[in-house]
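There are structures below to look over.
Okay, so chain A shows up in both of these, paired with chain B first and chain C after.
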Partner chain A sequence: MAAATDMAGSERGGMLLHAAELEQDGRAERCRLLSLCSPGLLLTLGLLIAPIGWLFWFSVIDDAGLFTIEHYARIWTEGAYVQIFLVTFQVSILVTGICLLLGYPLAYCLSQLPTRWAGILLIGVLMPFWTSLLVRTYAWLVLLQRRGIINNVLVDLGIVDQPLRLVHNLTGTVIGMVHIMLPFLVLPLYASMRSIDGTYVRAAANLGASPVKAFFQIYLPLSMPGLVAGLVLTFILCLGFYITPAILGGGRVQMIAQRIEASVHLFPTWGPAAALGVVLLVLTIAVLLFSHWLIGRLRRRGM
Partner chain B sequence: MERGAATGRALPVKISHVVKRYGSVRAIDDVSLSVSAGEFVTLLGPSGSGKTSLLMTIAGFARPEAGSIKVGENEIVRLPPHKRDIGMVFQNYALFPHMNVGENIAYPLRLRGVGKTEVAEKVARTLDLVQLSGYAERRVDALSGGQRQRVALARAIAFEPGILLMDEPLSALDKQLRERMQVEIRRLHDRLGTTTIAVTHDQREALTMSDRVAVLHQGRLMQFDTPRQLYERPCSRFVAEFIGESNFVPVSVTGGVARYGDLALQLAEIPSNTVNQLLLLRPEKLVPLNGTIPGGINRLVGIVVDAIFQGDSLLLSVRLSGGHEISARLPNRRFGEHGIPAPGSSIEFGLAPEDTLLVAEA
Partner chain C sequence: MDSYIPHRQRLWLYVLTGLIIVFLVLPSLIVVPMSLSGANSLIFPPKTWSLRWYEAYFSSPQWQAATWVSIKVAVLTTLLATPIGTAAAYGLYVGRFAFGTLIYGALLASLMVPVILIAIGAFFLFAQLGMVNTIPALVLCDTLLAVPFVLVTVSAGLKGYDLNQEQVARSLGAPRLKAFLTVTLPQIKGSVMAGAFFAFIIAFDEVVIAILMSGGEGATLTNLMFASLRNEIDPTIAAISSLMIMLTTLPPLIGHLIVLRRDRSRVS
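Moving on, here comes the complex of A and B:
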């Protein structure tokens, strides 16, 4: 009887031994994997999605709790807000640009060193992360102020007559922000450069490319995914930056985060601040989507 | 097909007294080598023999401590790599992943300022040459290993360099494809006639593709000869062991008579001076004798230790009368007549005098 059943099974496409049990095992394994993610999923849901929903809700209700778009309308119509968004983007672009100029050669140097040395020097890049953001920002204040070390040295050496205005303005803000943002550009870029095989540049040289051409035509395109990732990370962090512009800008450099804080104090309701927050969030998501699209395009080109 | 028909640009290469050290290790120890125009030369050696260092020195990626490298009349030893005008196939092919097949091959042409229509024409012609017509638009990562190899080759010859270098060009391919590509590269070379220097650790590959093979060992050039000469007339024990299968038995030479134990041997050449040397026995040159004893050949008697069937041939381990264990290879066609010898049975081999060679002990 059993033999007959086996025969029937094998006729339908081979013997199916333990097929049902094996599939069940597979499903159980996937369930266990999913259960490992569940704490993270719950946290994200509770601490990210819900508050953002709440923020969005606040931004579209007025004092009486009725639906309104006045908070968004205010941002659009009042010149001051538009100005703040412009300043935010200008500062972010400037800081990201300076990080690029400083960070690319740095990451390149690190990627060419033996792994041992690169590891030691990377600690140097990461060191700023070991102290708090606030401490580093105040340290810059001490260094850059009118009677700070930098100005004293410059005046003593006779390089300048008057102490330079290095802080409580755009200069101070940019210096502080570049210092804090640099690792965010260098780390992804370094990782991407490490994975570029040195024989590509050799091959380019062999085919007749001068070192400059080999760099721009071969190395730079190959390092592009890491570079774009680093630039986007830096730029997005700049967009929402609060502490450093607030302290080193001395009120002269108004970025969105500061304006949001001010709105919380200025208005009786959360609405205006919430609307600014939503706009910042949407802009950030737009930048992310754009970079995602850009990296995808670079990937399709085979990088 | 006529040699050099496609390019007419084959240049001779003259390497003189090149020395390259890494720390205290002499990677290249005073190597001199002349490659004629249009010749295919392979640098062959075990890892650490200096073959890759020598190739990198020619390409300009490694700077020697001393020496001269001339391509045609030009001294290139001090030129940076991009001014050397040498084509090279890299071990991992190094095809640029952000360019498609056509762009890769066009790259050296664009660097040389070749016009657009001429570039397109040359790319198509070169792809045709490596049997990849119509692949110009393909992405590099959509190619198989063998196709990448061909594209790398196409890129290296597209700008018609005076010489072509290949660094272990076939090592990334599986055995069957590798053997097919060896023949294909050899045929392509016959069509183009470009002077070619390749590096390999695979002796069969070297024998298959090359006009001459340079055997390197510990940074020194051991022998530079045609494949036939290398195999039949190796000048040292190292070369004899590295190329093909080999057995050695000690031979004493006194008064113009060479002996293995008590057995007087008839050799192709007998050294005049009295020395102890090794007789090279290639496994396939030992012919089992079957009762009939032809005159004028050496007869070696031994006991079969084991017999291993390897498809195309039977590998016998035989302990000779003098106590030395050697291997002998019987082609499939031959051993069928006698059946496979049983371990422990005695066997007699004939060795023709013209198949004998003495090499120095060291």
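Moving on, here comes the complex of A and C:
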């Protein structure tokens, strides 16, 4: 009797031991799997998070290593800096606006076409992705120059008398940036439009709405979350542009990123560049958070 | 499709779409003809044809040196970013951690930060270490930029893969690494290769970090191209650009053809 209970006890004990082993095994397994992410996380920590922390630190200390807000004060008070921020916002808003005007009809048309045709046209939308940024910038220099193909066509058609100044200024910068950003807006927008149920619009038409009214009251609100997400992405990426304004702007369009790069070479200390970097980062994050809130609201209202 | 609006009334939409597509593809299309121009000008279309700009590129020691730097950086970045991204994708997919999305987000963080900030941050760091204008520094920065692309492509590949197959191999006694290499990897090969290709292109095309962190003998091809585009425009750029277009379009095209052929032979 006693022996039997003893045996049962040891058996249960063995099972418990087994369960503990299994659990330990499972934990070790999870640790191993987690460690597979560690090289990537280490890289992010060492090359992204730590340097940006450093950036914050450098932006608030002066040459003597004491706390200061002079680098931020300079951004606020010096006219040149204020001008750079104004230009950055002006260009970003302009590019985002033009991308909206071109991208929405394009994505709409693609979403209405049969998938086969849309697929062929999508190759055209994807083509810029397959061409290096510098290559496209070079192509725009060729296309937009004074005796370039675009000016020739405009003059030959009698639209303008004189060749226009299309490059090495704001116009060239905006054209180049729209070309880069348009696919970033069109692709997510197209994806979200494809998932809109066409029966809603047909139902509105059945109930007597004109096509225009059905579009504005039904289709546009349904496409809104995708549209806002695409516009925000466009705007944020525009804020940090460096290459296109530097080349197609021909020195006449100064944006934040160019100023940051110049500050690194210009000043003996890191402070001014770091402060500008922090401001750019904070602006980017602020726009991102605002859009997150806005999209959440739109989604909730959509339901 | 809500086609209750007649096509005729939508003509403006079709015309507008056509024009926007032309706007998008035009720059990619003019580069190759420009590179074959015989003249020392930017006139398009060229009046005479020649291969002189290709010759200029291949015979210039400066362009050649820069090309080698770029190739080295891109190959090393691919060799580093592909395993890092694949390992992370596998770990997150198999582990299904509660905080998995957080790790995923952290690994994608470099996509959210403007590149100029990554560039000056890295410049600070590598200036302290005395490593500015070295290939390892460029490779590490480019790897940071490339890992998200490998992670996203391989994660997508893993979603279509049945993990039980690897469990079977392991229950039959194969060690985890062997099971992964012989059972899982061959089946997600396509997405790993696509990720590796992305990593190569990102490193090869990277400009902003290259401008801050390379120069002189160690300048990358993009650094030299940027300088040339900013100062005087030399049609050699068109030849280099055409070669770069070939570099980015041929591998996916060939890959696509191989897949097509394989599918066809499987059907027949």
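The rule is simple: the second predicted complex is superposed on the first by the 252 of 303 C-alpha atoms of A that agree within 3 Å, B and C clash if a C-alpha of one lies under 4 Å from a C-alpha of the other, contacts with A are read in each partner's own complex, and residues count from 1 in each chain.
Please note the rule applied: a residue touches a chain if its C-beta (ideal position, glycine included) is under 8 Å from a C-beta of that chain, and two chains touch if they have at least 3 such contacts.
Note that the structure is predicted; figures quoted are calculated from it, not measured.
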| item | value |
| --- | --- |
| Fit or clash between chain C and chain B when superposed on chain A | fit |
| Comparing the two partners chain B and chain C, which touches a greater set of residues in chain A | C |
| Chain B versus chain C as contact partner of A:137, first or second or both or neither | second |
| First (chain B), second (chain C), both or neither touched by A:127 | second |
| Which superposed partner A:119 touches (first chain B, second chain C, both, neither) | neither |
| Touching partner for A:202 - first (chain B), second (chain C), both, neither | both |
| First (chain B), second (chain C), both or neither touched by A:34 | second |
| First, second, both or neither for A:183, with chain B first and chain C second | second |
| Partner chain(s) touched by A:221 [first = chain B, second = chain C, both, neither] | first |
| CA minimum distance (chain B, chain C), superposed complexes, angstrom | 7 |
| Residues on chain A lying within both footprints (that of chain B and that of chain C) | 202, 205, 211 |
| Chain B partner contacts - residues on chain A that touch it in the complex | 197, 199-200, 202-211, 213-214, 217-218, 221-222, 301-303 |
| Residues of chain C that touch chain A when the two form their complex | 1-5, 13-14, 16-17, 20-21, 23-28, 30-31, 34, 42-45, 83-85, 87-88, 90-92, 94-95, 97, 103, 106-107, 109-110, 112-125, 140-141, 143-144, 147, 151, 176, 205, 207-208, 211-212, 222, 225-226, 229-230, 233, 237-238, 241, 244-245, 248-249, 252 |
| Interface residues, chain A side, partner chain C - complex | 30, 32-37, 39-41, 43-44, 46-52, 54-55, 58, 102, 105-106, 108-110, 112, 114, 121, 124-125, 127-128, 130-143, 145, 147-149, 179, 182-183, 198, 201-202, 205, 211, 239-240, 242-243, 246-247, 257, 260-261, 264, 270, 273-274, 277, 280-281, 284, 288 |
| For the chain B and chain A complex, residues of the former touching the latter | 59-61, 80-88, 90-92, 94, 96-100, 107-108, 111-112, 139-141, 155, 159 |
